[in-house]
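Common to both upcoming complexes is chain A, partnered first by chain B, then by chain C.
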Partner chain A sequence: MKLTAVIAAAALAGALPWLTSSNYIIGVALSACIFTVAAAALNLVYGYTGLLSFAQLGFWGIGGYATALTVMTFGGNFWLGLLCAALTNAVVALAIGYPALRTNRHAFVMTTLAFALLVSLVARDWVSLTRGPLGIPGLPPPTLFGYAFRTTPQFYLLAWAYALLALGFLYALCTSRIGRTLVAIKQNESLVRAQGISPMPYKLAAFAIAAAITGVAGGIYTFHLKIIDPLFLDFYYMQTFLIMVIIGGAGSFWGVVIAGVLMAALPEVLRFSEDWRMIIYGAVLLAAMLAMPGGVAGWLHAWRVARMRAAVR
Partner chain B sequence: MSALLDVHSLSKAFAGIRAVDGVSFAIKPGSMTGLIGPNGSGKSTTIDCISGFQRPDGGRVVLAGRDITGARPHDIARAGLMRTFQNVRVYEQLPVLDNLMIAGQQFDEAGWVDELLRTRRYRAAVEVAETRARELVELVGLTRYSALEAGILSYGQKKLVALAAALMPKPKLVVLDEPVAGVNPSRIREVEDVLRQLNQAGETFLIVEHNVEFITNLCDNVIVLDQGRKLAEGPAAEVHQDARVLEAYLGLAPEMESERVPA
Partner chain C sequence: MEIDPLYLLQLTVNGIMLGLLYALIAVGLALIFGVLEIVNFAHGEFLMAGAFAMAFALPATGLSYWPSLFVAIFVTAVGGLILYELFLSRLQHGAFERSILITLAISIIILHAAQFAFSANPRMVDTQYGFDGFSVGAIRVTWTRVIGAGAAVAAFALLYAVLNHTQFGRAMRAIAQNREAALMVGIKPRAVARNAVVLATALCGLAGAALAPVQLVTPAMGQALIFKAFALVIIGGLGNIPGAIAAALILGLIESWIGGFFEIVWQEAAVFVLMIAVLCLRPEGLFKRGAMRVG
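This part shows the complex of A and B:
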């Protein structure tokens, strides 16, 4: 039943270019695919493992730059660029994750924030590599076996395929015992250790996997924009991912995926009133947080727990 | 017979206060050992040092012939020592059955690749763990709660979940930190029966508890700590007659009046 619904939704999303001819709608759907993947990756770190990481913004940026530089400076192709993005991010995540995860959770948040700001500084000031504020324009459309992803609908299919792949992988991970162990680490780390499990490899793996997935998402999005500049590291992106996770319900796979799609579309739906758009958007967020502090999934969960309590009595 | 756990002149100080001061004892396989003493006598620090949650300043801890002094908690758990905590610790937001299965998962063969691909080895490991978890849940009488989140259970029920989780990997030694403190008195007998049953099946226990009656009923050997030192050791009946033990607990000497601690 659930599986059927998921397959139907995925197929419907894949068929979008044939359902509408509007490049605008397809463009929004493309952003929804990419942002949802980044949010789901953040959910792995924040929702499951309980580590609020602002480093996702840095990984998003490194992914974008690594892909663009591979193609424009080092003469590789787009796919090699994505591979570089994933590998660079995994290595960087292991390097900064190991010391940062040895600190407490609050210090971890600050460390990851500093990292994100640092990446943004490098993007702006290492002019000989990144061209600084000028950015790297004119990113060519990627090709696969002679097929070029040139138009928005074509590029959308690429983003859609990646979203399926990345979300499928994250789902397998989150629903395995690894995912359950991450939740256990979030809830009681010393109990996890008393049960023979070393938390560090789990936390490090979650951090590195999320970094690699976010990096590839950033790489794809960069080539959709056809330019990368330091604005790619704007806090707007981090805020978008975080809103998706929080509204969907940190720690709920489907909650975050559904919120990702809806929250990517919401600012666009509100375009009927240009003046009021962001005000309404803010009001919706505020109302959602007041009514459901644990996100949609948290709200459903509280309801389930209430039923369990009733059943116990 | 050689000891399962050998603790030799263990010591640990906090800011100059000797919480544990040269404590030695041995636990025989298949035995039930009680560790009692007034508040602040060093019971918790002793088992924290044994289980790796505190690093001892001196002494040696040997588990089944293997030196585990100062090892990390998860390594000690893998060596076969499982413990529970005084302030009950369970995964509040996970079902009771999952609470148990996590406790056992480090000890089977399935690796991370098996997990992601859901290989046969993964499914077999999960099946074995689930069967054992269901047995243990039944043993502690929580079968009807096994699908519910541990967080909604009562304090005493959570202690039973923690006990069952500690038993999951069939450990060599189970260390229980106050298994019946805060548990409804009518339920204490049930816990006693469960522990006795497990012990008869061969499980070895070290139990820290304030409830002297509980310890007397269960344990064949009782160790009494006071101010970080071992005061007495022996069968429960003998230890109770020991004048020094009575003094430590009841403060018979006039100068100890202010430190009166109920047993």
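This part shows the complex of A and C:
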């Protein structure tokens, strides 16, 4: 039943370019695919492992720059660029993650934040590599066996395929023994240690995998925008990922995916006023944290438990 | 490289003044972390609020420095009271991630509301002292910087006295050191937490007001400084007030020296590189919480 629903939804999303001719709707759906993947990767780190990481923004930016630089400066193609983005991010995540994870969870949050800011400083100030605030414009459309992903509907198919691949992988990971170990680490790390499992490799692996997935998402999104500049590291993206995870319910895979798809449309709805958009975003985050810290999924879960208790009584 | 000793001395003086202002921000964060065990992401917006309060109070009081400074401190202290009563008091103890996301949301709202109300254009703030200064030999310092640094030192002395010699401050230290024991001897955590937040935001308002005549006032000015302050409290050891002050002074000096001799990129990156290096060597921060904590 659930499987059928998922396959039907995925097929429907894939058929979108044939259902509508509006480039605007397809563009929003493309953002939804990419942002949902990034939110699901954040969910792996924050929701499952319990590590609130602001470094996702840095990985998103590194992924975008690595892909763009591979194509424009080092003469590789798009697919090599994505591979570079994933590998660079995994290596950086291991290098940053190891010292950051040795501290307590309070210091971890702030270290990852500092890392994200460091990345945006580098993007802005290392002018000889990144061209600084000028950015790298004119990114060419990627090609695969002579087929060019040139128009928005064509590029949408690429984003859709990546979303399927990444979400499928994350789902398999989260429901596997590794995923259950991550949840156990979040709930009671001392108990996990007592069971003879070292938490560090698991935490580090979750951090690095999320970094690689976010990086590739950033790389694809950059080529959709056809330009990368330091604004790609705007804190706005981090807020978007966070709000998706929190509204959906941290630690709930489908909650976050559904919230990701729905929330990607929210900035478009709020676009009536640039000035008010971010204020409303902040208010949504504040209201969600005060009213339902577990997100919609947590709220549904609590409701279901309450109903079961009532039935038993 | 030939180093002119006078130039180096000038950089050192500037660095100490910069470090004292960083310390005002970092001390507030350390105090809030020590008592509530949360990180206030909206702290930078309080700095900005202090600077804007100063910018508006100065023309109203005929450019007199001190009354405006007190207006700014009062405004941010009231803001801190509202922040605590409306939002932070609802948090259960230990809800660390939730506290971050709530204060982050508040920071987004205040920042963009300020941009909406005051526009993003930077504004200059003029005081009765203008750009006058005094010279010792070849070293020249403006009065607004000297007074800012002096006010910071006075605030630290006052904070030290309050924390060590009043019931108000002892209760704060008690909660920070052992929450359960403090509860048992009848200290109210809610009242103490409120006092700590108000005190921290007042210090932040002082920093903002002292910075206003020294640099340009923009809605985003808090953002740039707050991230450095986060790094500072980590370097100093979370919740450790002397550690935060020491780390801030060190950073002020390092930034000033680097800014004088190298490219500006390194000046901005120094704090993050320093933090990652400290975390690799001493994960608990330079000054571990425990041995010499005050907050």
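Rule of thumb we're sticking to: the second predicted complex is superposed on the first by the 283 of 313 C-alpha atoms of A that agree within 3 Å, B and C clash if a C-alpha of one lies under 4 Å from a C-alpha of the other, contacts with A are read in each partner's own complex, and residues count from 1 in each chain.
What we mean here is this: contacts are C-beta pairs under 8 Å (C-beta built on N, C-alpha and C of every residue); 3 or more make two chains touch, one makes a residue touch a chain.
Just so it is clear, the model here is predicted, and its values are computed rather than measured.
Contacts of A:172 after superposition on the shared chain: chain B is touched, whereas chain C is not. In the superposition on chain A, A:278 makes contact with chain C only, while chain B stays out of contact range. Legend: residue contacts after superposition of the two complexes on their common chain; A:188 is shown touching chain B, with no touch to chain C.
In the superposed pair of complexes, A:55 makes contact with neither chain B nor chain C. Judged by the touch definition given at the top, the superposed model places A:242 against chain C, while chain B stays out of reach. Legend: residue contacts after superposition of the two complexes on their common chain; A:107 is shown touching chain C, with no touch to chain B.
More residues of chain A are touched by C (comparison of chain B with chain C). Contacts of A:84 after superposition: neither chain B nor chain C is touched.
Applying the stated touch rule to the two superposed structures, the chain B and chain C interfaces on chain A have no residue in common.
Residues of chain B that touch chain A in their complex: 51, 53, 72-74, 77-78, 82-83, 85, 89-94, 98, 101-103, 105-107, 110, 112, 115-118, 122, 126, 145, 148-149, 151-153, 165, 168-169. Residues of chain A touching chain C in their complex: 46, 52, 96, 99-100, 102-107, 109-111, 113-115, 117-118, 121-122, 125-126, 239, 242, 246, 275-276, 278-279, 281-283, 285-286, 289-290, 293. Only residues 33, 37, 39, 87, 90, 95-98, 100-102, 104-109, 111-113, 115-116, 227, 230-231, 233-234, 238, 264-265, 268-269, 271-273, 275-276, 279-280, 283-285 of chain C touch chain A when the two sit together in their complex. In the complex of the two chains, the chain A residues touching chain B come out as 169, 172-173, 176-178, 180-181, 183-184, 187-188, 190-198, 205, 305, 308-309, 311-312.
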